[in-house]
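Some structures to go through are shown next.
You will see two complexes here that share subunit A, one where it goes with subunit B and one where it goes with subunit C.
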Partner chain A sequence: MNSQPFLRTFTAPAVLCAFGFLAAMAAVLQFSLRAYIPGSLEPGGFTLANFADLLKPLYARVFLDTVWIAFLTAASTLVIGYPLAYALVRMQNAIVRSILLVIVVTPLFLGEVVRTYSWIIVLGNNGFINSMLRDLGVVQQPIQFMFTTFGVVVALVHVTMPVMVIMLAAGLSHIDRDYEKAAASLGAGPIRTFLTVTLPLSMPGVVAGVTTAFAWTFSAFATPQLIGGGRVNMVSNLVYQLGFASFNFPFAASLCVAGLALTIVVLSALRLAARPLENISPH
Partner chain B sequence: MPRSTYQRLLDVFGKLAVLLILGFLVLPAAVVTFAAFNDKAILSFPPQAWSLRWFTRAINYQDFRDGFHNGLIVTLWSSTIALVVGAMFAFVLDRYSLRFKATLEGVLLSPLVIPHFTVGLGFLILAAQVGLTRGYPVVIACHVVLVLPFVLRSVYVSLRNLDQSLELAAASLGAPPLRVLLTVTLPLLLPGLISGWLFAAILSFNEFTASLFVTEQRTQTLPVAMYNYVREFADPSMAALSVMYIVGTAGLIVFANAFLGLGKVLNIEQNR
Partner chain C sequence: MKRFLFALFVLAVAVPAQAQDKLVISIWGGSWRDLVAETVARKFTAETGVPVEFVTGGTIDRLNKEKLAKGSPESDITFTTSHIGWLYANDGLFEQLDLGKIPNASNLADEARISPFHLGAWAYVYTIGYRADLIGDMKFESWNDLWKPELKGKLAAPDFDPSHVIAVAALLSGSDAAHWEKGQDKLKALKPNFKAFFTNDANSQQLLASGETPVQIVLSMNAYYMISQGVPITVAIPKEGAVLGIDTVAIMKGSKKVELAYKFINALYDPEIQAQIANLKKGSPAVLNAKLDPQIVKLPGVFSTAAQWKQQINIDAKLRAQKTAEWRKWFAENIMN
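After this line comes the complex of A and B, so read on.
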């Protein structure tokens, strides 16, 4: 009897999908090595000129900004998301826990456009915060949130929060609570127990969360496009602009390849840096 | 052990922090709701008069209608294809040994960390190279790849939690593999399959960045139509549409949580 029935039938569609995806990625890679012929959609011969162009201050700057924004977002999301994840996992009341879960998870599925639009209404010069402050007499002139790095980061933190909380909660939920009880019975206070037992044990969740938050922020397009309004640019905005405003697809492709390489480098560095921390785990 | 004032203080402080964070999460949705029901086109808080006119406008706006229609086509196809492909491969992942299994899994999961603008650009260039116009097939293929990781994970988790002795019992009673699969495994997997499909459908319907690259006027999905609207107009029709979106999505999530247990799917249930 065949011990693995349906093996081929079940694997074939997955292989097809993987090949389709790899072909698309190969297309990007191939285009990144082709010359751009102005006014033509067809690329020219093979060249490394696109990658040399990436080093120009204009483009290098966008890369640095992107990494900086992604870093700020991941760090803020971690700090704000941790208490929420903790509450989500440790909440005893099942109904309150369900409500928390729905509040946390719903934004994940709302998509970037709706959420970014909501933040425009909150942060705009005539938006919620500014009209509140004006009515209360706190400010005469509106505070400029739109088109600033701060505004973009606030919205991005909101966009990445659900996935961070889910990753952190997954890490926290797998902690054996006997360790905490042991620490408490040995006389450690709640803060000390948290800092020396719970936090180190939740490190795998923290690493997973920060990694995903970083990758997601790097991938964000609508938020920097609409809230940054051209004054805060990330790699994604540049790729779109090059592709659809100047039809320079080879250069757009090289930006994608460089962005991907950068993501891999940063994420590997994060993983390496976190390794000693993860070894603390007694499992 | 009596709780000290210090511990109680810590408790209150923790609850306050969580409430503040929840406020931050809910704030944009609350503000958008106010704006949507506000009679005036200019934002003012609190609104002086209420009306439903922005909802009427949003529902009757042709680009939104087309976007909704296109989005449904793309979503139904892509989430269903992803479900079939993902469920089959999750089965292979859980049960079988296969050369390059880990590699194949890695490739299929990689869209989780590859920026959507890169995936979108890739499919756009690929379509142009093989001479396809930017029709539905390209959009659907792109969405299948993007939502597949979520289906794969959801079905895989359900397979892990499945009691294999039931399948063995059926097999030992003489049921051939296909019959075991269809009459035992599949029904047991149903919650996982439904939640996987639901995840995929919601994500596909909301996908924006890659869609912006691979759609054109004729195939543009709702998020793309919304993005174009925000860039051109500033009236609260978009707020009204957002409210409908938020209510619809939250409704689906509440449904998924009640019937399928989101905590289990997301792997965040505390072992009690």
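After this line comes the complex of A and C, so read on.
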């Protein structure tokens, strides 16, 4: 007798979706191995030329840039998001906690494009930051934030922040406060307690947050497209340009396959490196 | 029981009739949809009593959808850019047109007769648009002026289609778009002047309006829209001509309403409708007998005579369809990186 009679029923939609995703991935893989015929929507015969083209310095550099931007974004989001998540979980005042929660979660409702456009206004040559710096006499000429990696990372950090904070808050809320009290009763000050008890115990949340932020950023499209202005490109932008602007779907598909493979490799390496941290447990 | 059967009969007769009594138009969203809705669609419905329904989407999204629906198209008529129209035509998605059923098409400009499958609906140019208030008294009398060292880090161009600047560089190097390789060195020399590349019309407008890129290779209609919004843009037409752009109309192969579609296209080429379109979008009519408002005629980039059409740089749409991917790839590898 089946001990979980509803298991099949409950998993059926997920299995169906999985088949759909697999079919789509198979189509992308198949396209990546076909030749591009100029002026036609139909791909030609099978070839490995698309993957050989990926080795050109331009495309290899976009992959490296993508990993670098995803890393910088994940690291910056962690550094800024951790104190916010800590305050969200530990703040005694319910009103302040609610305000913090609203600040953290609200950007999720705005959508990536709207948030990115707001950053264009802030980072532009005549934007908020440059106008302020000029008015204060700090700079004479505007500092170039737009179309730079720095500008893209700043906007991506904002886009990614809610996800990171929510995951860190979940990790922090699972820490038993008795361990911190025990450390304090044994003479550890607040900083030592944080560094030797709270921080290590929150590592599962940190690893989950960083991994998610990295994967989330790796596939970013609208933000690098608008802030990068064609000067800073990530893999998704290249896929768009080749597939949707040049109709070279086979090459765009090969970029997708390579991007997916790279994501799997990087995330696997990240999880492997973080395994000792994830296993930290007081029990 | 009799009542039930009668109701069933009424439904069976009424539903297909309702489904047939509308013409479905595939077009870009926003102001493009409104443009057609307020002009030709209104006239068509008034004349035939047939309502028009719009299916909107991006250029490539709509192309992909129709490719998937081949033989049983989602729309009866498609508006798309001239070179993208060739992709539809090459894939057998367009009906071959019988010009005898479109009497108003006899007034079409030669350049608007793109192929046996698709015809120009209206035209515009890609040319130099600039913020005179931000770059001083610089003038753009020739495309060569874009290469001035003073413009270092001030120029923007479309990232989705470099064909305009590629054709210009070829022309300035004594060649043409078909032999674009001769303009490669010239184009590489322009690299320092590029500051950014825009993704779409909104992005282009934002870069000019904010002054982020005070000089742009800009779509004339976009520039005039921004001017109407108070952005002080000057539209310059270089002596070599601006780069001609044509949006086209075609009947989808497999459409069940081909006759209505012909009537719609004929209404599109009505001189009054063409004048309305030119007035609303500050573009050029596809027919030569449209009576344009004198205020519109004098705008740089708006042309109404056969001679004016011929003064523009016209990249063959079929060549562009074949070369866009190659051009885009070269541009990304050599200019944008």
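By definition in this document, the second predicted complex is superposed on the first by the 266 of 283 C-alpha atoms of A that agree within 3 Å, B and C clash if a C-alpha of one lies under 4 Å from a C-alpha of the other, contacts with A are read in each partner's own complex, and residues count from 1 in each chain.
One rule holds for everything that comes next: contacts are C-beta pairs under 8 Å (C-beta built on N, C-alpha and C of every residue); 3 or more make two chains touch, one makes a residue touch a chain.
It should be emphasised that the depicted structure is a prediction, and the values quoted were computed from it without experimental measurement.
**Q** Fit or clash for subunit B plus subunit C once both are placed on subunit A?
**A** Clash.
**Q** Taking the superposition as given, does A:Met146 touch the first partner, subunit B, the second, subunit C, both, or neither?
**A** After superposition on chain A, A:Met146 lies in contact with subunit C alone.
**Q** Counting only touches as set out at the top, which of subunit B and subunit C does A:Ala245 meet: first, second, both, neither?
**A** second
**Q** Classify the contacts of A:Arg61 with the two partner chains as first (subunit B alone), second (subunit C alone), both, or neither.
**A** second
**Q** After superposition on the shared chain, which partner residues are touched by A:Arg231: those of subunit B (first), subunit C (second), both, or neither?
**A** second
**Q** Once the shared chain is lined up, is A:Val89 touching subunit B (first), subunit C (second), both, or neither of them?
**A** first
**Q** Identify the partner contact of A:Ser40: answer first if only subunit B is touched, second if only subunit C is, both if each is, neither if none is.
**A** After superposition on chain A, A:Ser40 lies in contact with subunit C alone.
**Q** One more residue to check, A:Ser219. First (subunit B), second (subunit C), both or neither?
**A** The answer is first: A:Ser219 touches subunit B but not subunit C.
**Q** Tell me the contact category for A:Asn126 with respect to subunit B and subunit C: first, second, both or neither.
**A** A:Asn126: touches subunit B and subunit C.
**Q** Which touches a greater number of subunit A residues, subunit B or subunit C?
**A** So, of the two partners, B touches more residues of subunit A.
**Q** Need the overlap of the two footprints on subunit A, from subunit B and from subunit C, as residue ranges.
**A** 41, 117, 120, 124, 126-127, 226, 243
**Q** Please name which positions on subunit A make contact with subunit C in the complex.
**A** 36, 38-42, 56, 58, 61, 117, 120, 124-127, 146-147, 225-226, 229-231, 233, 238, 241-248, 251
**Q** Sort out for me which residues of subunit B touch subunit A in the complex.
**A** 6-7, 10, 14, 17-18, 21-22, 24-29, 31-32, 34-35, 42-45, 84-86, 88-89, 91-92, 95-98, 104, 107-108, 110-119, 121-126, 128-129, 141-142, 144-145, 148, 177-178, 181, 202-203, 206-209, 212-213, 223, 226-227, 230-231, 238-239, 242, 245-246, 249-250, 252-254, 257, 262-263, 266-271
**Q** Going by the contact rule set out above, which residues of subunit C touch subunit A in the complex?
**A** The touching residues are 58, 60, 63, 67, 86-87, 90-91, 156, 159-161, 195-199, 203, 206-207, 210-212, 318, 321-326, 328-329, 332-333, 336-337.
**Q** Can you list the subunit A residues touching subunit B in their complex?
**A** These residues of subunit A touch subunit B: 2, 4-7, 9-11, 13-18, 20-25, 27-28, 31, 41, 80-81, 83-84, 87-90, 97-98, 100-107, 109-115, 117-122, 124, 126-128, 131-132, 135, 158, 161, 166, 169-170, 172-174, 189-191, 211-212, 215, 218-222, 226, 235-236, 239-240, 243, 249, 252-253, 256, 259-260, 263, 267.
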